[in-house]
Amino acid sequence: MVGNYQFQGVGRDFQKNLLGAWYKRLEDAPKTGTPVAYLFISGNIGELLRCFGFELAYPEVNALQCGIKKIAGDLILKAEDLGYSSDVCGYVKNDIGLAASGNRGPFGTMPKPDLLVCNYSGCNTYIKWFEALAELYGARVFLLDVPYRRTGETLRREDLDYVIKQLEQLAAVCAEISGVKFDPDRLREQLEYSRAAEDLWVKILHSAKHRPSPFDAFFEAVFFMAPIYVLRGTKECVDYYEAAWKEIEERLAHHIGPVSDERFRVVMEGPPPWPNFRNFWELFKRWGVCCVASTYSKVGGIWDFGMRHDPTRPMESLAEYAVNCYTNWDWSLRRSMLKRYAEEYHADALVIHSVKSCRAFSVGQADVREHFSKAESLPTLFVESDLADPRYFSEAQIRNRIDAFFEALEHRRVAGAARPAPLRAGPASPTKSRQA
Amino acid sequence: MSFIAEPRTVRYVAGVDVGTRTTRALLLNEEGEECGRISRETGARPEIAAEQTLQELCIHCGLPREHIVYIASTGYGRYRVPFRQIQITEMTCHAVGALRLFPETRTVLDVGAMNSRALRVADTGRVIAFRMNDRCASGAGRFLERVATSLEIQLDQVGELSLRSQDPQPISSICAVLAESEVINHVTAGKPVEDILRGAHNSIAERVIALVRQVGALPEITLTGGVTRNQGLVAAIEERLGCRVNVSPDSEYAGALGAAILARQRWQRLENSTPASRN
Amino acid sequence: MRGQSAVGMNGNFWDSCQSWDELVGRCREAAFDVAFPTVRAWKSAAADTGGRVVGCFPVYTPQEIFAAANCLPVNLFGGRGQIEIDHADSRIQSFVCSIARSTLELGLTKHLDAFDGFIVPSICDVARNLSGVWRHNFEHSFTFYLHLPQNVESEAAAEYFRGELERLRTEVAQLTGAPITDTALREAIRTYNRNRALLDELGARRAARPEQWPSSQIYSLAAAGNVLPREEHNALLERALALGDAQQRPKRDAVRVALRGAFCEQPPLELLDVLEDAGCAVVDDDLQIGARFFQQPVAEEGDPLAALAESYLHRTVLTPVNNPGKRSRNEDLLRRCREKSVQGLIFASPKFCEPALYDSVLLRRAAEHVNLPVLEFEYEEKMSVFESVRMQAETFVESILFFS
Amino acid sequence: MLVAGVDVGSTMTKAALLDENKQVRALAMVDTGANVVRAAERAFREVLATAGFEDWDVTFTVGTGYGRYRVPFGDLQVTEISCHAKGACFLFPGTHTVLDMGGQDTKAIRINETAEVKDFAMNDKCAAGTGRFLTAAAQVLGLTLEELGTVAGEAKKPLKITNVCTVFVEQEIMMHLARGCAVEDVLAGVHSAIAGRTIALLRRVGLEEEITFTGGVARNPGMVRALEERLKLKLNVAPESQHIGAIGAALFAWERAAHGEVSKRRNNSEGRELASGGEA
């Protein structure tokens, strides 16, 4: 069966190799004497830092890896032993726990940072996170203050100018630490790569408009999106998305997708529960659910509405990108984005996975549920757990909610039809479903 | 100094620990040696329980009430002991009491029916740091009672049984009540009772040990409180700590003992100085 | 009309209070009533002059700008534990701090119908998202999201924040229909400087003789300021300082403690009483810190907005939600403890308050490093059972009194 | 034709038997206890016995409740949410909101005329304020669940209770009693505290009349009163409120049977053995 397909699995395997190589470079950084900067995914300005020869590390991504590898629980406990409350962000505790255990993770050993770039002040937790790391490593913190994108479709000039000024200050700090002089051409070259990768990534995202969707814009996207967030601005990143696009094209040609029989198309809001990623996905697959659009795949930045890095206006476009990560959007913008997704991707429902750890994401999601289930009368499922802390994932409860929700959707669909709905969820056939 | 010792009445101090279930009293003489102990049900009226416990103590030790010169009360009902000279919290008392029972104690873990506490103590008995877990599901005793009920076995057997476990089952829920359904799920999944019980004990051990770590556990660690009688829990705790813990049959009296010791200390101070008033 | 008394009586209403207890009693009536009687009184008195009422979410809002515009800025501290989270529960999840939920509940249950607007400073992720939820639920009322720079050392920040204040000034002018002059702003700054000075004086006197100035009582005096025009609050505080010294209370054998964590969500008054009952004398705290956010007076000359911006960036009390820049939270706290000869440090964090919970870890480490005993517990504005706090506080006191 | 519904709840397992005219022929209820499978069997056999039938008389059986996948003789599993909606709508056709308060879960369900679930909300990670909370309260005070409500009715000045954690209710109640509060006032406090939480949940799905109150707690008059007082409207409460989930399940079974579907037990023999007890 798989023989018929030339490119299936490429998106996944290529991604693994890329990240593997990147982590290797990080592990070797102390030996090769490469300066290391820690930064955050949301609106990151990695291209600028790379101009100064920094190797980039993303504590969030490490936390995410620990989650998937199911070691987050122990690391979180370790951090709680150090006095961190059970109510604070699981990513932070995971990272503190990791640092407390010699920074050895499933991905290898993390080098110490030479510079901590808190590139997104919109998340107060980020600030607290790096304040703690600064004390731990005695490293310098650069805080990029990014104003919130308040209601209103147009970017505020004063916000961009403010960020640009700070980027210039950051460049000076980087030059000072790395001893490398700022080279505008190098930045332009990277932004060229960024834009190319972004074009391809958007093509992939838009492919989910097909019926059946060739790809799950949440459960698969979280893997497909990794390179554009951690390696954006490099050639291999562009190569990756070319390969990934081939895989998608092939799926389109053969009308195959993540679920063998696509029965429901949903928009997903919120991050995944990493330690229970597989079970969570299965709970939806059982019902033939495909996520055709998701907000989590935009945590780093939002391109599918036209935003691009632009070599002709380097700092300007870096600033635009920095203020345009999903959680930096006011709720009115986030609501309209969700509405647009539901319409353009022909979704049957909105699913909100509300995680306790990330207040920036979740505070107000209940209000969104209120809005869509009542004002917009779009069926909306609300489930709560966490992105890192396994203690907050209660499978029985979540399964119950998911089953009840899709039962109801199925009823609605066959309302008036002669036969009652096939209430039992049909299992997704493994032969045809990809990346399962 | 004279050659003929003048006859003088021996004076005593007492500690009265008024707990939610049981009230305990313990008597020390001037030299700080124990002269007797007694306990009874607390019931609905702590005042009365305290009064009767003290009377029984006097009878039990055969001495007139007025020979008890200083009384410290502790426990949840400490403010409801009319005849107290001072009230002291159970945490301070458990620390001092545990130190008397095991002089090398540096960490005290007190596991009660609903609340668990970890204390880091100095060699003086001073509480240096402590953590209470009075969040939901922290209650060890109560949690086990629930598990025992849902497994339809006797509470006093759960500890024993858990020790026979080959393959402990995980219990993850934060809420003691919801944890029950996990237990039931394990049962219906056909898991052996002892494995489920061990899982329950492990989950309690996890929580209380988190407290111990948060205060910076130092050996020796002494276990006090009602659940010390449950070997299963003691074993689970020792396994996770990776070291032995002190457990004494007297540990139930640790509170009363500590109160009595502090009462004596306080009384002696009063004897040779006039301390500031505390209400 | 800014001399107008909010309690609807003549300007020297507070001077008419004959005893300390009467004064404190009146403050409690005014401060903790979620029906906001003083605010309604002010609103009706100011009706003809087009006075507006704006609710301010903690921690810091440049209230001088509102005061200069014939507005009454009111510090909102949620439901003070008096209202059930009912409607707000379907807007904000249960793992979010009480103050965000109960403040929204106040709005949804018409407690704030005397209010014309709401301003949320960017103190944390919850507050930031709350601004959007608020705008969604009260589409037609004035809602302003104030960005507080988090990189205070950058000169870009000074310029940006000055601009932010300018934008606020413009929008408030639109709300009231009258421009806000620099002169009016400078006057407001003077009034607020005076207010901060009086509050600091109150704190200083308590630190000198804690038994004389019970914390829950001076808290009530300060809290009255949340719902009164500052001129009136100044009159009140002057009266309080006069009456307070006359009090005679027995000296108590208590441990001098500094209280941290209550910079945003406020604990119930009982909590303060329980702590002092248990033998703690609170000599330093960050309760309602927004009212005394600046360590030195704001410049009363020159460009008023630049002065406000400068003060925010460089003269603030350090809390978990403002950036210390070159300063250090640890040193700042330990210095204050030394100055007030504090014997023990209490971190009382509001449940689910991430900024407080993160900071307490680092601050605790710093305190233990200098052998300053630390007590940590969590509270909620709606808590009503204090047994566990009492026991922890008593144990804390005992560990310091009995063994030293 | 006969159809059955079996609702395996956390504390109680309920069964309902319907005939071809959707007439309820019998209801049964047993403690779930530790063995869900056995509980399901017992409830099923009991309901058959009451109506005087044998298991092979049953054309189709639907299992629901958290133990639904453990009903060995179930031909189909449906979540309790759909079943309570179905059952409530069957007993009270005007129902637009269903409030189900069971042992560990409280559910608010919004439905339309055809019992189609439009929206639902459940209590989250903890059992605070659920039926179990009342059970615990009853235990402390040595009252039966039925008595609870009655006693609460006598309250003069209801107490404010904030901590609705089931594990701590005991502590909190004892503390109030120790302070000399009257039992009825404490209980009234307990009820209104739960009512507060419950109504917040109802608002999430948006409180459309009529509201039908199902589940074990609906049997508690005090809870009904507390809710009605706060909502300022009457609730539908059926005498068989506890069985509504099972009845709903039976109704789903009826639909299937009406479309000619027949239980696997009818044509396979081991089905019968299964039905006649035997551990899973």
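Going in written order, the chains are labelled A, B, C and D, and every chain counts its residues from 1.
Following the convention adopted for this analysis, a residue touches a chain if its C-beta (ideal position, glycine included) is under 8 Å from a C-beta of that chain, and two chains touch if they have at least 3 such contacts.
These numbers were taken from a predicted model, which means no experiment stands behind them.
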Shared chain contacts [subunit C and subunit D, defined touch]: A, B
A-B or B-D, whichever has more C-beta pairs in contact: B-D
Centroid distance [mean C-alpha coordinates] between subunit B and subunit A, Å: 49
Chain centre separation (subunit A, subunit D; CA means) in Å: 40
Overlap residues in subunit B, where contacts from two or more other chains coincide: 134, 174, 178, 181
Overlap residues in subunit A, where contacts from two or more other chains coincide: 83, 366, 369-370, 384, 392, 394, 396
Of all residues in subunit C, the ones touching two or more other chains: 89-90, 387
Chain contact graph, described as a line, ring, star, complete graph or other shape: complete
Contact set on subunit D toward subunit C in their complex: 124, 160-163, 172, 175, 196, 199-201, 203-204
Touching residues (chain side subunit A, partner subunit C) in the complex: 82-85, 87-89, 92, 121-125, 127-128, 131-132, 135, 143-145, 147-148, 150-151, 158, 162, 165-166, 169, 330-332, 334-335, 354, 356, 359-360, 362-367, 369-371, 384
In the complex, subunit D residues that touch subunit B: 10, 32-37, 66-67, 70, 104, 125-128, 130, 132, 165-168, 170-171, 174, 177-178, 280
Complex contacts: residues of subunit B adjacent to subunit A: 135, 172-174, 178, 181, 185, 206, 210, 213-214
Subunit A contact footprint on subunit D (complex, rising order): 66, 76-82, 114, 116-122, 124-125, 204-206, 252, 255-256, 259
